[in-house]
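Okay, so subunit A shows up in both of these, paired with subunit B first and subunit C after.
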Partner chain A sequence: MTRAARKGPTQWNLRLYVAGQTPKGITAFANLKKLCEEHLGGNYSIEVIDLLKKPQLASGDQILAIPTLVRRLPSPMKKIIGDLSNTERVLVGLDLVRKR
Partner chain B sequence: MSAIEGQSQGRDEVEELRPRLRAAQQALDNARVDVDAIVVEGPAGPQVYTVTNADQPYRTIVEEMQQGAVVLTPRGDIFYCNRGFEEMVRAPLEEIIGHSMAEFVAAMDGSRLEEVGAGARRFETVLRAYDGTEVPAYVTASLLGGTPAPICLVVTDLTEQKRQAAREAMFAREEAARAEAEAANRAKDQFLSMLSHELRNPVGVILNGIEVLEQTDSSEPEPVKIREIIRRQAHHLGRLLDDLLDLARVGQGKVDFEPRPLDLVDVVSTAVEDHRSKIERAGISLTVSIPQGKIPVEGDRTRLVQAIGNLLDNARKWTATGGRISVSLQQVGETAEMRVRDTGIGIEPQMRERIFDLFWQVQSSPDRSFGGLGIGLTLVRRLVELHGGTVEASSDGPGCGSEFNVRLPVTKAPVYEEPRTQAPLSVASFRILLIEDNADARDMARLGLELLGQTVFEAVDGETGIQMALADPPDAVIVDIGLPGLDGYEVGRRLREALGGRTRLVALTGYGQREDRRRVRDAGYDVHLLKPAGPADILRAVTTEETKTREDGGLAD
Partner chain C sequence: MTFEESVEDLSVDVASLGFDLAALIAQRKIVIDHVRVNRHEIEETGEYDLEGLFIRLDQAIKSIRAKRVVLDTIEALFAGFSNLGILRMELARLFRWLKDKGVTAVITGERGEGTLTRHGLEEYVSDAVIVLDHRIDDQVSTRRLRIAKYRGSSHGTNEYPFLIGQSGLSVLPITSLGLQHEAPLDRVSTGLSALDAMLGGQGFYRGSSIILSGGAGTGKSSLAAHFVDAACRRGERCVFFLFEESPSQYMRNMRSIGIDLEGWVKGGFLHFHAARPALLGLEQHLVAMHREIEEVRPAVVVVDPINDLMAVGNMTAVKATLLRLIDYLKTSQITALFSSLTAGDAHEQTTDLGISSLMDTWILLRAVEERGQRHRGLYVLKSRGMPHSNTVSRYTLSDHGVQLGRPSRPRTVKRTPR
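Up next, the complex of A and B:
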């Protein structure tokens, strides 16, 4: 699988669903930010959606558990549940793994 | 499994949801994934159930409070902020969440955040709002639980506080300014009352003396002493008035200052000699150290002598009998340095500059044994500055004497030798016509001139005077410029026209400005004599060859 960089600057659109300031939500966000900076350069945008404030937004992406990371762009959509501490699993889940 | 607390629900609905929750929990357990909360489809749409405590009251407090609250990742990215912070930085939420806190801080860098190790840290800083404006703020930073620990900031907007502090500072400044103005006003009032006192004294003595003279037989020895006293007091009064006039003129920049090349050595010597006898009579020794050659400066001789004289006077006043005054003068490069040192009462450090202030005087003590108006040093500074120089006072403290340093720029121009002595009085007798409307002034002038052997004719107004002059031309005509009816200038013009160049015309006037002297000259007068002028002055004006107008009509000798 090629890295995003080789394809040219693709814009990544990521959504992180959280429930208030829970520890895992914060951790997920921190991990996500770090990951994006290391692997996506500047070509990304992160939306943080607090389902405690707006629970109705859970339906859109069919969220069941929180925190959940949704990759909306590039398609296809990808979902990863949890605090994203397992970097390898996240990279795999987002198709960012280097060709071995 | 920890208890689940949900958002507010009706009892029935909760009952309905219980089985669904149990199923969802089971699914998650199976997935072995770490989550904080789950979403369950309820009758009113999706409901979020947090696994850990939702802390609804605290949530409300945080959202409603005026202070800003921000949660950051350890690296400083903003994960959450409350409405207070949103309003503080005036930014839309999407421009805050996900961005680095550093974007919103003008004065803090990331290292500060890293400092937030154990425990809360409090510091003042400046935020940068979304539109770039700066917001002074107070920040409390603390670590939340977890690893790595997120950082929670509570931010207080200090704008109003700072504004209030600025307002208070401004009020304080205005108060201080007002207090200073009031102090200056009080000082001025004190000066005026002291002035009144100082002027009344010599006048009182003079009037008393005259009365006594009227009672006493003139062959007694007392009248001689009384005349001496009257003379001294009149001179003292004259000096006070001179000082006052000078002060007013110098202060308004109206002094006639015609700088010429002078020899400062000569000027200093003159001032010293003028004051030597007074100093030595006070039991104070005077030593002088001045160079042999010349030190050329640009200036007005009379003014410089006056300034140096004031410094000597000042030294004499504040030095007790047995003390010493020393005067030194030398040229150092392009500057002439003059020093007047005394072993007198000295100057307190904080007063070093204030002694040159107007209306300020050491001690308004009831024992005003020294008299004077306290303007001498002010005059010195103004006159010295008029000459492009500086004067400074220094002292080792009260009781340790004082030193006054005058610095003047040295010029390269050659120095004229000014004749110092006045032309001697003529002994010849002249026929003098006196045109003066003030009876007392006229009588005194006539008496004085007759005592000097002159023949005097009088006229009380211009018309009469002109008629008399035409009928019997005198050698000289003295005209008071301020005549009623036909004014002095017109009288001068007509007299000059009628009498030609043989008769000396002298204008007696209280106006000494350059403009006035020009008018007098244009009206045909030979001499402009500034009031008050005594009989000797008048005679000199009549007889002297030099027709240069006298600039200083001083009362004192």
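Up next, the complex of A and C:
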């Protein structure tokens, strides 16, 4: 049983940092979208930030690696870097499943 | 770009080295981006790169049109990310990128076991590698610096000690490798006309190095005072390094033999620099002396005595240090007088041998026993480039200073004929 289901509907606020239309960024977004649909129902929002357009936003969330997914809500803040191809690890990173 | 210290911490830390970071930031001379890498809050999945780091650097460089970039320290990246393959690739890309940007970048990293850098990569992608090292020899710690690599230059390969002081970092490499300093022809008075007479009638060469050696109570400091007094009278500035007495004690003692140095101090001609030798390592002394000399720009420097410096390090280190000091003084055409305390009367020549070869003029002060009395005798052992007296001149310390008199003759022993 996932924690989200246990606690009832929580609003998920996610941010995906990318730098331009790179294959890695596109893959990451596709993976994220699919994963959210499967596990979070409709209770999520994804904000994609292109650092090539808004470089000043990189320091706020301490972004170094691209792509980086930041879970802003629910707190605490979580960061997952990479193209999110390993669903299992993303779910662990987002605290959606416990580490086995 | 700082990875370990926040802007606030950094400002406080470098303030003690004389940098006002807050003012520099306000003037838009410097911009600091504090990058925090915390492995615990980062989960890695799949392919990534460090484009975010590049974007942040680019933004910082553009914001003030920076020409210099510092990354302190990239070890934090290795601590923060686990995929070494990606990191190595991205670092190599970063070095190239910085070069393409036309900025000069200083990147700090830790030293590895057996390699210059821990990850063995940084040294290959960079143009110059400076190795810093901190060692303790004989309870004295010295920081050392070496240029291990500098593309396109014939750099010095030796290790040079350096010091972190109130005005930042000081390094003193051997200044003139080729012994090419000018040898001035003009002379300066010793402060005693009789001693001038013994040195070809005109005293020391300007810019030469003189050693005054003798046992306890032979008047080395008094002769030095005469020399300094004469220089101040000529309107020259002097720096006097005292390693045994405080300036006020020294001035009081000199007043008792009729030399008033206080006026010269007040007039800004004479600068005392007193320090306990054990307080600092040899290198630190050298740097402190350099700094003082740079500041005052004197014509005359006195070190009284150099023995205490010798006690700080081993003979090789002392000799190297003195060599560099003398080298520096000669290049600046500063006349330097060193006093040296010899242990007994018998070995006065051997004890100084280590450094006497560096000196141009060597004056020996010795006690001569004659008819149950102890006299003081002065002898010019060597003086390069001038005819000098070969007699032992007797002298006394009076309330009008050192009185150098007639040469003392060897006592003829009367023998009763058998």
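In the analysis below, the second predicted complex is superposed on the first by the 95 of 100 C-alpha atoms of A that agree within 3 Å, B and C clash if a C-alpha of one lies under 4 Å from a C-alpha of the other, contacts with A are read in each partner's own complex, and residues count from 1 in each chain.
Just so we're on the same page, a residue touches a chain if its C-beta (ideal position, glycine included) is under 8 Å from a C-beta of that chain, and two chains touch if they have at least 3 such contacts.
From a predicted model like this one, the values you see are computed outputs, not experimental measurements.
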Superposed partners subunit B and subunit C on subunit A - clash or fit: clash
Partner chain(s) touched by A:K34 [first = subunit B, second = subunit C, both, neither]: first
Which of subunit B and subunit C A:G93 touches, first, second, both or neither: second
Subunit B versus subunit C as contact partner of A:E47, first or second or both or neither: first
Contacts of A:I26 with subunit B and subunit C, given as first, second, both or neither: first
First, second, both or neither for A:S59, with subunit B first and subunit C second: both
Touching partner for A:K78 - first (subunit B), second (subunit C), both, neither: second
Shared subunit A contacts, counted only where both subunit B and subunit C touch the same residue: 19, 24, 27, 51-52, 55-56, 58-59, 63-67, 81-83
In the complex with subunit C, residue positions of subunit A that touch it: 17, 19, 24, 27-28, 51-52, 55-56, 58-59, 62-68, 76-86, 89-90, 92-93
Subunit C - residues contacting subunit A, complex: 33, 35-37, 41-53, 55-56, 58-59, 77, 80-81
Subunit A contact footprint on subunit B (complex, rising order): 24, 28, 31, 33-39, 45-48, 50, 52, 54, 59, 71, 73-75, 77, 79-80, 94, 97-98, 144-146, 148, 150
Residue numbers on subunit A that touch subunit B, as the complex places them: 18-27, 29-30, 33-34, 46-48, 50-52, 55-56, 58-59, 63-67, 81-83
